[in-house]
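Note that the chains are named A, B, C, D, E and F in the order they appear, and that numbering of residues resets to 1 at the start of each chain.
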Amino acid sequence: MSDAIGLALINLTTPAVLFFALGIFAGVARSDLSIPQAVAKGLALYLMLAIGFKGGAAVAEVGLSYTLLLAALAGVLLSFSLPVVAFALLRAFTKVDRATAAASAAHYGSISVVTFVAGSEFLTLTGLVWSGHMVAVLAIMETPAILTGLWLAGRASKGPDPEARPELIREVLLNGSVVLLIGAFLIGWASGPSGMARLDLFVNGLFQGFLCLFLLDMGLVAARRLNGARKLGWSGAAFGIVMPLIGAFAALPLAWLIGMTPGDAAALMILSGSASYIAVPAAMRIALPEADPSVYLTLSLAITFPFNLTIGIPLYAGVASAVLGG
Amino acid sequence: MPRPIRKKIIAIVEAAHLRRLVDLMQGCGAAGLTVIDGREGYGVTGDWTREGVFEAVEMKIVHTVVNAQTADAVFEKAEVFFRRYPGIIYAHDVEVVRGERF
Amino acid sequence: MPRPIRKKIIAIVEAAHLRRLVDLMQGCGAAGLTVIDGREGYGVTGDWTREGVFEAVEMKIVHTVVNAQTADAVFEKAEVFFRRYPGIIYAHDVEVVRGERF
Amino acid sequence: MPRPIRKKIIAIVEAAHLRRLVDLMQGCGAAGLTVIDGREGYGVTGDWTREGVFEAVEMKIVHTVVNAQTADAVFEKAEVFFRRYPGIIYAHDVEVVRGERF
Amino acid sequence: MSDAIGLALINLTTPAVLFFALGIFAGVARSDLSIPQAVAKGLALYLMLAIGFKGGAAVAEVGLSYTLLLAALAGVLLSFSLPVVAFALLRAFTKVDRATAAASAAHYGSISVVTFVAGSEFLTLTGLVWSGHMVAVLAIMETPAILTGLWLAGRASKGPDPEARPELIREVLLNGSVVLLIGAFLIGWASGPSGMARLDLFVNGLFQGFLCLFLLDMGLVAARRLNGARKLGWSGAAFGIVMPLIGAFAALPLAWLIGMTPGDAAALMILSGSASYIAVPAAMRIALPEADPSVYLTLSLAITFPFNLTIGIPLYAGVASAVLGG
Amino acid sequence: MSDAIGLALINLTTPAVLFFALGIFAGVARSDLSIPQAVAKGLALYLMLAIGFKGGAAVAEVGLSYTLLLAALAGVLLSFSLPVVAFALLRAFTKVDRATAAASAAHYGSISVVTFVAGSEFLTLTGLVWSGHMVAVLAIMETPAILTGLWLAGRASKGPDPEARPELIREVLLNGSVVLLIGAFLIGWASGPSGMARLDLFVNGLFQGFLCLFLLDMGLVAARRLNGARKLGWSGAAFGIVMPLIGAFAALPLAWLIGMTPGDAAALMILSGSASYIAVPAAMRIALPEADPSVYLTLSLAITFPFNLTIGIPLYAGVASAVLGG
């Protein structure tokens, strides 16, 4: 117990989390602090490139085992199925319409790269070792949830515009963040230790700094989204906290079943508990324009992300190492 | 010397649906077209601003100068389009040079 | 079929005063509005360009499509506004669809 | 109360030739002018988009509100200009306040 | 004497100053060299984050003493009072109108972050130790001058638009650069040496490089502002050089009075001698639209900043260590 | 022979080349992966600043010899004369009009900074030492080709608009990339080893990482330009591969004549074989608006650049060290 609190405190005083808090403060206080969009996108590209490359380089060092396959299967299963749970909860306990509920549900099956990035830094900080191949799992989990979301929506609404279909398919298969993550992973793998030697400073030395700057921006954006929270009501806000817990704890038995290490299990819990805010919203705008983006963006950015960043990550790590660490 | 009159059509559309609107206009015969980034705004579906990494709900401004016939075709199709997607479309007359271009 | 006619109002305003102009327009009943970044320009108070870290003297372009009544209200208030602050405001008729929106 | 009428001229021009077009307009007596960045587009000479490090083929949108006389002068010179360089120019009437500015 | 010239020469051959000179050259020669605005803003955010964090981390190491309080008091006093001097000089010796004189005066009470950043690098280079808490003083000095400026203007002009008041107050209290500087300072303090260990490469290793790139942009911008110098006339230009000297030398007795170390005294002189070009212009556009921005931006960016960067900084450092170094 | 293949393979598995390939893939597959223009420009500025500074710092260390003069003369000669060859080939074997042929030809006399950057990294990786002063040669070679191109065009077309002349002259003499390269070179030289010590992490530690990100963007842009390749036809595409070989191999005898080291000879071959895609297109848009930019941009960006990056660089390096390596 006190251990868990210790972990949580360590997490809360990392510069990255504190810069997120600073962003939230500045946004809520309506300071004119702002980060140009091009810079925010550049930082996001950097984080994806770096985490992908590092994952691949780690795989190049320890080799790939069949555990990646099992982990990927678990990830895909979670990504496909969690939206069903999320949809049921949203329809049962909140007043959001079917299309919006389906779109929101898809976010919770998918993952958030930055949550994973922050989480993996936390794991490393606390000595929990995770495998590089979890980065591939991260990329693989991004999009299955979109299909479930569309299926949930399609049973009622008019469904996606047929003319939007080619674009939608491209969005699902060739989403920029998936392409960059997988690409950087493969490059890290292919170029191995010698590649890592040349990019070490870039992908490791700078990582914390760029993450701080990016989280400052996330805080600013999340704060502006908080206005949308009123529309959600208490039940909606509660969903944004309960659903990541469900996602994370649904991952635990799977992780145990396939014999994951505590570190990998914690990583899978973090992925499963996180909610997308890049790939899925983009696909949902294309496919389900009826769904209200202020609902799903507020849920994902302004409620679930801060929850995971501050409480979720240390909690999942603590549980994973308590349950599987023995 | 009076200059030839054409129609300028302006549409405001979400980035997520821009590609389709451009194709629609080109399909109606628009010989040229220019897109501009929006910065912020509001409408009946809420407000938005350029920020962060998520672009799909930002608005783009599409403008095309066309002849009257193309304008009617665009309006007809765009009306259906904007029944489903957020945004607006409107038009007005403009004087041009090299009228045969449009 | 003739399309309904509304007024499009365009204002060019310094970034430092944008927020107030938008509030002014919204206060007059503008149901929607879109802001665009300027790149460079000049006027009676000198020239400007987007550069460096100092944004306040950059210009933003605000545009809103409204009905005639709202247009008059906006113009009345904006005239006072632009007596003090740099920038211009002007308007013209446009044909719209879904006229009830404006 | 009727508002004074002026001409708004809009030109779309390649970044590489922007400076000259602005000088041309200023030379004709335009008392103010605003440039906006384009994002993407197409025309008879092909399509373009803002990307990479090479800016010269991007389009800029130049707009200036002027009196009728200046408008004629601009059109006359611009016609020659756009015979050589890609882009378009067109105009329409607008209602302004502080009409003496233009 | 030869020592001072030696210092000045060292300063003039640092890459940062040379890149500023390159920017001035490119701008004056009307080269098409340019730095995208988003990149310039990103660099400014980086510099503020880094200097704030480093200051806080330094405080975490050596502890906070009551000297911060005294330094802050001295800073606030200077920020409040220097605009009065500046205003009197401008009205007496130049032809600028009252509103423009008041707005310009406010710039000279406030501070320039980049001047401080360049100055602190110079101090470190020449072995003059300065305290991390001077970063807090920097942030505290940013805005008092705005109030004096408004008071000076208000006695004559119509004063700020009442509808602009809420925005103005926010600008004064929650100006982006103040929030980021103070926030990063507190984060550096809170996360201490362990935080510093993780961000070291980012806030220290990259600092010089990003500063060079930023100063290149400052040079380009300043060069374009030089056109505005003709409007100022000789007396105006002279003001832009005399006023920083007055500001810096007004700080010296205060520094002596409160027993500052030579390094801290030099830092206070640099702050006091520098003129704002972000926070104050923004506030002045809102509050005093009648004031001519081309006057105060030219003064601050194109005259005072280059003067301080090249001559002022080594001069203040030399004087502080000569007078207080004994 | 097997050595050359070995070199080529080393080159093809460097992260930088692989990220370029990723960009090409994402672009061709029409993924929505994209890099904001401001970030791309910022990266280009960084690369020019860093390569210029490193070159100057190297010169500061080993001193400048008359060999720079000879190398510069060779470079200027190549830059002036290669466009004549290119023009003749284009007119003889493709259907492009005179203005477009002249504009394209100018690109091949000039150089590509990123090709040089990637090439110099490859040389360093494979142990071929090149002199810092080759960076000055790089900058010097940028613009002579523009004059030849204009002369070739002027004999037929109406020639550049007289009103565009001042702008054109500025573009030739004060082109942003030339100013930054030469400026950073001089700064690196002036600030010497002590300057290098302070910027080491920035210009060396980060270099590979920023180069990867930039090449990712180059890949995306090149892929979109590939559409234009159809217009070129087979003969046009072949020109894009043959011409760099001609350029590179024209440099070899000159390098031998002036007694260059194998490393410097390889660098000169890389420069001579590369085609401009920043400075020259900008000048050509101003001077020859009749010339079709989709022809010269496709040639330079989508054919010659990828060829040089993957095959050309190791080939030139292999040949230079075989022929001159003694």
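The definition used in the following text is that a contact is a pair of C-beta atoms (placed from the backbone, for glycine too) under 8 Å apart; a residue touches a chain by one contact, two chains touch by 3 or more.
Here is each chain with its UniProt name: A, E, F = Sodium-dependent bicarbonate transport family permease; B, C, D = Nitrogen regulatory protein P-II.
This one's a predicted model, so the numbers in the text were calculated from it and none came from an experiment.
Note on connectivity: the fewest steps through touching chains from chain A to chain E is 1. The minimum number of touch steps separating chain C from chain D is 1. Counting C-beta pairs in contact across A-F and across D-F shows that the higher total falls to A-F. Averaging C-alpha coordinates per chain and comparing to chain D, the farthest chain turns out to be A.
Relative to the C-alpha centre of chain E, the farthest chain centre belongs to B.
Although chain B and chain D share one sequence, what matters here is the overlap of their interface residues, and that overlap falls short of half of the numbers used. Rounded to whole angstrom units, the spacing between the C-alpha centres of chain C and chain E is 35.
Centroid to centroid, with C-alpha atoms defining each point, chain D and chain E lie 40 Å apart. With each centre defined as the average position of its C-alpha atoms, the distance from chain C to chain F rounds to 46 Å. In chain A, the residues touching two or more other chains are 34, 36-39, 41-42, 201, 205-206, 282.
The multi-chain contact residues of chain C, meaning those touching 2 or more other chains, are 36-37, 92.
Contact annotation for chain pairs lists A-B, A-E, A-F, B-C, B-D, C-D, C-E, D-F, E-F, with touch applied as defined. Against chain E, the residues of chain A that register as touching in their complex are 13-15, 18-19, 22, 25-26, 29-39, 42, 201, 205-206, 208-210, 212-213, 216. Those residues of chain C lying in contact with chain D across their complex are 10, 12, 36-44, 59, 61, 75, 78-79, 82, 88-92.
On chain D, the positions that touch chain F within their shared complex are 14, 16-17, 19-20, 46, 49-57, 84-86.
Residues 34, 37, 40-41, 44, 161, 163-164, 167, 217-218, 220-221, 224, 277-278, 281-282, 285-286, 289-290, 293-294, 297 of chain A are the ones touching chain B in the complex. The touching residues of chain A, counted against chain F in their complex, run 36-39, 41-42, 45-46, 49, 53, 170-171, 174-177, 179-180, 183-184, 186-188, 190-191, 195, 198-199, 201-203, 205-206, 282.
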